[in-house]
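You will see chain A twice below: alongside chain B first, and alongside chain C after that.
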Partner chain A sequence: MTEVHVAGVGLTHFGRHPERTGRDLFGEAVQRAVTDAGVPRDDIDHLNYGNFMGALAERQAHQAPLMAEAGGLQCPATRYEEACASAGVAVREAVKSIRSGERDVMLAGGMERMTNMGTAGATEGLAIAADELHEVHAGITFPGAYALMASAYFDQYGGSRADLANVAVKNHANALGNEYAQYQREITVAEAMDSPPVADPLHLFDACPITDGAAGLVLVSGEYADEHAVDAPVTITGTGQGGDKMALQDREYLAQTPAARDAADEAYAEAGVKPQDVDVAEVHDCFTIAEVLALEALGFYEVGEGIGAARRGETTRDGDRPVNLSGGLKAKGHPVGATGASQIAELTRLLRGDHPNSDAVPDAEVGLAHNAGGTVASAVVHVLEVAR
Partner chain B sequence: MSTHGADETPRDAGYDDWLDGIEAGEGIYLSCPNDHGSLPPRRVCPHCGSPELTEEPLPGTGEIESVTVVHVAAPSHADDVPYATAIADFGPVRLTGMVRGVEPDAVEVGTTVAPTVERTETRDERVLVFRPR
Partner chain C sequence: MTEVHVAGVGLTHFGRHPERTGRDLFGEAVQRAVTDAGVPRDDIDHLNYGNFMGALAERQAHQAPLMAEAGGLQCPATRYEEACASAGVAVREAVKSIRSGERDVMLAGGMERMTNMGTAGATEGLAIAADELHEVHAGITFPGAYALMASAYFDQYGGSRADLANVAVKNHANALGNEYAQYQREITVAEAMDSPPVADPLHLFDACPITDGAAGLVLVSGEYADEHAVDAPVTITGTGQGGDKMALQDREYLAQTPAARDAADEAYAEAGVKPQDVDVAEVHDCFTIAEVLALEALGFYEVGEGIGAARRGETTRDGDRPVNLSGGLKAKGHPVGATGASQIAELTRLLRGDHPNSDAVPDAEVGLAHNAGGTVASAVVHVLEVAR
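Moving on to the complex of A and B:
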C-alpha cells in the first residue's frame, strides 16, 4: 500500500469575512496549498471538497465543480457533507483513493461561509446537523445539544465550569501567534466564567465562534513524491471513521463519544501506534466539553478523567501532550466544512517545524487529528507522522 | 425551515401521529423482538435492524437524565427563551422535550416528568413538553 504524503497545505484567515464569497475563500486556500506543495496544478486528479450548509448560506448547491473552477483545477470534484466532519471525510476518502492506486495527486479541503447569515441564521443553520424531528422541534440548538452532554458529564463524572474555562483559556493562549486564527487574544478563567450563558452549563466562552474560512491540502502518493522529488516529510499513516445514532436520546451514552473511539481505534491500528505514542493533537473543540470528550475517546484519558487535563496543565503548550496548539476551533475558529482539513494543515505545519507553535513540540513525531460531526454521530481520526 | 403546526400540511407521517398520541394521552413507543425501544418514524429497529416493530404504550412518566437552559435560540424558538430542554428516560426509550411548569433554572436531573404536547411561543408550533409530576 502506497504512502500518502501531505505535500502542501493552504489556509485562509479564519474569521469574519461576511462579504467574501465561498469561491473566493476556497480559491485562496487552493492557491496557497498548491504553492506550498510545489506540485503542478495540472497534476491534481480530483478535488474532494467539504461543505456543510452552502445551500443555506449562499443558496449554492453543487459546489464541488464550482470550487474546482475557483481553484483552477482541471479535474472532477466531489462534495462531502458530514456536518462539522465534512472535510475530515473528504480527506479520508482522498487518502483511500491514493492508497488504492486510483489517484496520485489530490486536493482535499473544504470551505464554509457563515457570518453573512448572522447569529440567528447561523444558529438555525447549525441546528440542522441535529435530528430535525426529535431534537430541533424540542428547541435543541447546537450549543444546547453539547450542553446536554456537558450536563450529563458533570452528573456522572463530576467536573465544573471552571474546568471547562481552563480549556478555553488554553486554546486562546495557543492562538496568540497564529496568523490564521480568529481570536488572537488571551482570556482569563474569570472572563470565561463571567461570559453570558448560551445553553447552561455552557457560556459564550465555551463555544467556538461563527467563522468564515477555507482549507486545502495537496496529497500525493509515495511514488509520485519519489518520482518528482516532492519535499513532503509528513505522511498520513492512519485514517478511521466511526458512527453513532443521530439523536442523543437514542445513544447508549450521553457523556461519551464512541464514534470517536471507534475512529481512533481504526486509525491507530492502521498506523501501528498507540494513544501514548501521540505527541501532539488537534481535536474538535467546538465547545470546551467536546475537547474533554475527545481526550477520553482518543484514549489519552480514562472516561471521567479528561475534564481536568487543561487545568492540570497536561494539555497546555508546556504539557506532556499539547492539544490544539493551533488555538483549536475555540480560538482559531470553526468554518464548519473546512475544519477537518484545517486541523491536518495545522498538524502538518507543527510537525514540519514551520508553525508558530512548532517550538512547543520540537521532537514530535506522531500527530493526531480528531474531527467530529454534529454531536459526534460521525467522527474521523487521522494519524500523521513525520520523517525525522 | 419548515413549520409543523397541527393545522398546516404536509404532516410528517409517523412523527406527527406519534405527537397526536401523546396529546391524546395515548403515547406509544416501538419495540422489537430483542426488546429495543425506539420512536417513530421507523421501519426497522435502529439498534438491531429487526423489521418486526410493535407499538407499545409509552410509560406515563420518565425521569430527567440531562437538562440545559437555552438562552440563545434559533429563530424558530426565539421568543421562548430562556427555556429548559431535557432528555428524559422513560425506560425502553428516551424522549427530548421542553420542560414547563417549573422555572427553567430549577429543573433538576432525576425529576419525574410526564410528556404532553403544547405550543411554542414563537411560532405556535407543536412541541413535546415535559411537566413535573
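Moving on to the complex of A and C:
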C-alpha cells in the first residue's frame, strides 16, 4: 500500500476577515501549501474541499470548482460536508485515494466564512449541524447541547467548572506564539470562570469563537515523493471515521463520544500505534468539555478521568502529552470547514520542527488529529508520524 | 483491480411530497435498494450521500449521519455536494473506494427536498450553484444561464426552438410508463412551443420541474458478489470527472461543455469503450439545451450536430441510441441531490431488463450516465456494462 506524505501545508490567519471572500481566503491557503510543498501546481490531480455552511454564509454552494479556480488548480474538485468535520473527511478520502493508487498528488483542505453572519446568525447557522426536527426545533443550539453533555459528565464522573476553565487557559497559552491564531493572548482561570454564562455550566470562555479562515494540505504518494525528491518527512499512517445517532436524545450516553472512539480505534489499527504512543495531539475543542470527551474517546484517559488533565498539567505544553499546541479551536479559532485540515497542518509543523511550539515536543514521533461533527455524530481521526 | 457491481437500486417516486421529510424519503430509497440487492444491511461499510441545498430547504446540514440512521445503516457516512452532480460524485468516490479494496459494500445515493420552497424559492436556492459574486449578483438564475447557452448555440451552429421542443416531447413520452416519474403524461411539440416563455429562447417546457425524491444504490466488489452469490449483472466499468470555470463569462465557449467531455473521455478510457459503443444513455437534461450539449460532449455527435437528434428520431425510444428512457430530468424530475444516483438506478434496470422501457433496448450492453453541476462547471460520467 502506498504511503501518504504531507508535502506542504498552508493556512490563512484565523479571525475576522470581513473584507475577504471565501475564494480569496482559500486561494491564499492553496498558494501557501503549494509553495511549502515545492510541488508544481499542475501535478495536483484532484481537490478535496471541505465547507459547511457556505449556502447560508455566502449564498454559495458548488464551491469545489470555484475553489479549484481560486487556487489556480486545473483539476476536478469535490466538496465534502460533515458539519465541523468537513475538512476531516475531505482529508480522509484524499488519503484513501492516494493510498489506493487512484491519485498521486492531492490538495485537501477547507474554508469557512462565518463572522459576516454575526454571532447570533452564526450560532443559528451552526445549528443546522444538529437534528432540525428533534433538537433545533425544540430550541437547542450547540452551546446548549454541549452544556447538556457537560452537565451529564459532572453528574456521572464529577469535575467542575474550574477543570474546564483550565482547558481554556491552556489553549490560550498555546496560541500565544501562533501567528495564525485568532486569540493570541493569555487568559486566567479566574477570567474564564467569571466570563458571562452561555448555557450552564458553560460560560463564554468555554466556547470557541466564530472565525473566518482556510487551510490546505498538499498530500503526495510515497512514489511521487521519491521520484520528485519531495521533502515530506511527515506521513499519515492512519485514518479512521465513526458515526453515531444524530440527536443527543437517541444516544445511550451523553458524556461519551463513541464515534470518536471508533474513529480512533480504526486509525490506531491502521498505523499500528497505541494511545500511549501518541506524543502530541490536536483535538476538537469547540467547547472545553469537548476536549475532555476527546481525551477519553482517544484512549488517553479512562472514561471519567480526562476532566483533570489540563488542571494537572498533563496536557499543557510542558506536560507528558501536549494537547492543542496550536491553541485549539478555542484560541486558534474554528472556521468550521477548514478546521480538520488546519489541525493536520499544525501537527505537521509541530512534527517537522518548524512550528513556534515545536520546542515543546522536540522528540515527538507520533501526532494525532481528532475532528468532530455536531455533538460528535461524526468523527474523523488521523495519525501522523515522522521518522527521527 | 476489483470490479464494481450494482447489486441493488432503490428509488422513491419523484414529485411533490410536502408531507414527507428528507430522512423519510431517503430511508425508503435505502430500504428498496437493500431489498433489491438482497445484501444484509449490516454488510454495508459506508454511505456516500449526495445532497445539494438541505441547508436552505430543511435547515439541515450534516445529513450524512442522519441519513445513515434513517436507512438503518450502522456505518460511517459522508456527504458529497457538487450542485446537481452531488450524487454523481458520491457514486464516483464509492466506485473508487470499492475498486481500491478500501471498502467492499457501499450505499451510494442522495436526496433532495425542493417543492416546500416553492418555485421562486427553489429557483433562488438553485442559484447558489452559480457564481454568487459574478453571476447571481448580476441577476442571473439557471434558466437565464442556460438561455444564454442556448442562444449562443443557435448563433454558432443553428437550430431552433422546435428542435428543443422535440427533446421535451421525447422525454415526456419516455416517462409515460415510469412509475417513479413526476410527469407521466405526453406532450406535443406545439404544446412545448406554446408554453410560457421563461428566458428567451427557453420556455417552460424546456425546463425540468422542481422535485422531491431520493435514490440509492448498493454497490459491491466483485469478490463480495462472488462470495455471497449476489445477483448483480451490471458492472460500473468507467468513472470520470471534469471541471470548468464556474462563471459562464470566464469560459471560452458558451455552447460547449468541456467538463463533460473530460469526464466522458476518462470514463471511456477506463471502460475501454468508445462513444459509438454506448447503447443507451441517461443525460443531464435540466433544460432541453443541456441534453443537446451533453450528446456532443459525450462524443455521440460532432459539435453543432446534436441539436436535431431528437427531431430526427435518433435518440427516441425507437432510435439507434435512446437517450433518457427514464424520462430524464425533464419528465422524471430532478431532485438535485438524488439525480446522479437515480440515473444509474434507471440504467441498471434498463440493462437488467426489468425497466418498463427495457423493451426498447433488449440487446443493450453498454449504458452511460452523465450528471452535471451548475452550467457544467462540474460533470461526472459513468459507464455501465452488462454481459449478454
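One rule holds for everything that comes next: the second predicted complex is superposed on the first by the 388 of 388 C-alpha atoms of A that agree within 3 Å, B and C clash if a C-alpha of one lies under 4 Å from a C-alpha of the other, contacts with A are read in each partner's own complex, and residues count from 1 in each chain.
What we mean here is this: a residue touches a chain if its C-beta (ideal position, glycine included) is under 8 Å from a C-beta of that chain, and two chains touch if they have at least 3 such contacts.
A quick note: this is a predicted structure, and the numbers were derived from the prediction, not measured.
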Chain A residues touched - chain C or chain B, whichever exceeds: C
Contacts of A:Asp200 with chain B and chain C, given as first, second, both or neither: first
First (chain B), second (chain C), both or neither touched by A:Ala83: second
Partner chain(s) touched by A:Leu384 [first = chain B, second = chain C, both, neither]: neither
Which of chain B and chain C A:Leu133 touches, first, second, both or neither: both
First (chain B), second (chain C), both or neither touched by A:Gln60: second
Touching partner for A:Gly374 - first (chain B), second (chain C), both, neither: second
First, second, both or neither for A:Thr119, with chain B first and chain C second: first
Which superposed partner A:Lys245 touches (first chain B, second chain C, both, neither): both
Intersection of chain A interface sets (partners chain B, chain C): 127, 133, 136, 245, 250
Residue ranges of chain A in contact with chain B within the complex: 119-121, 123-124, 127, 133-141, 143-144, 147-152, 155, 196-202, 245, 247-250, 254
In the complex, chain C residues that touch chain A: 21, 52-56, 58-62, 64-66, 68-69, 75-83, 89, 93, 96-97, 99-102, 127-133, 136, 241-246, 250, 259, 262-263, 373-374, 377-378
Residue numbers on chain B that touch chain A, as the complex places them: 1, 4, 12, 15, 38-39, 41, 46, 65-78, 80, 83, 85-87, 93-98, 105, 109, 120, 125-128
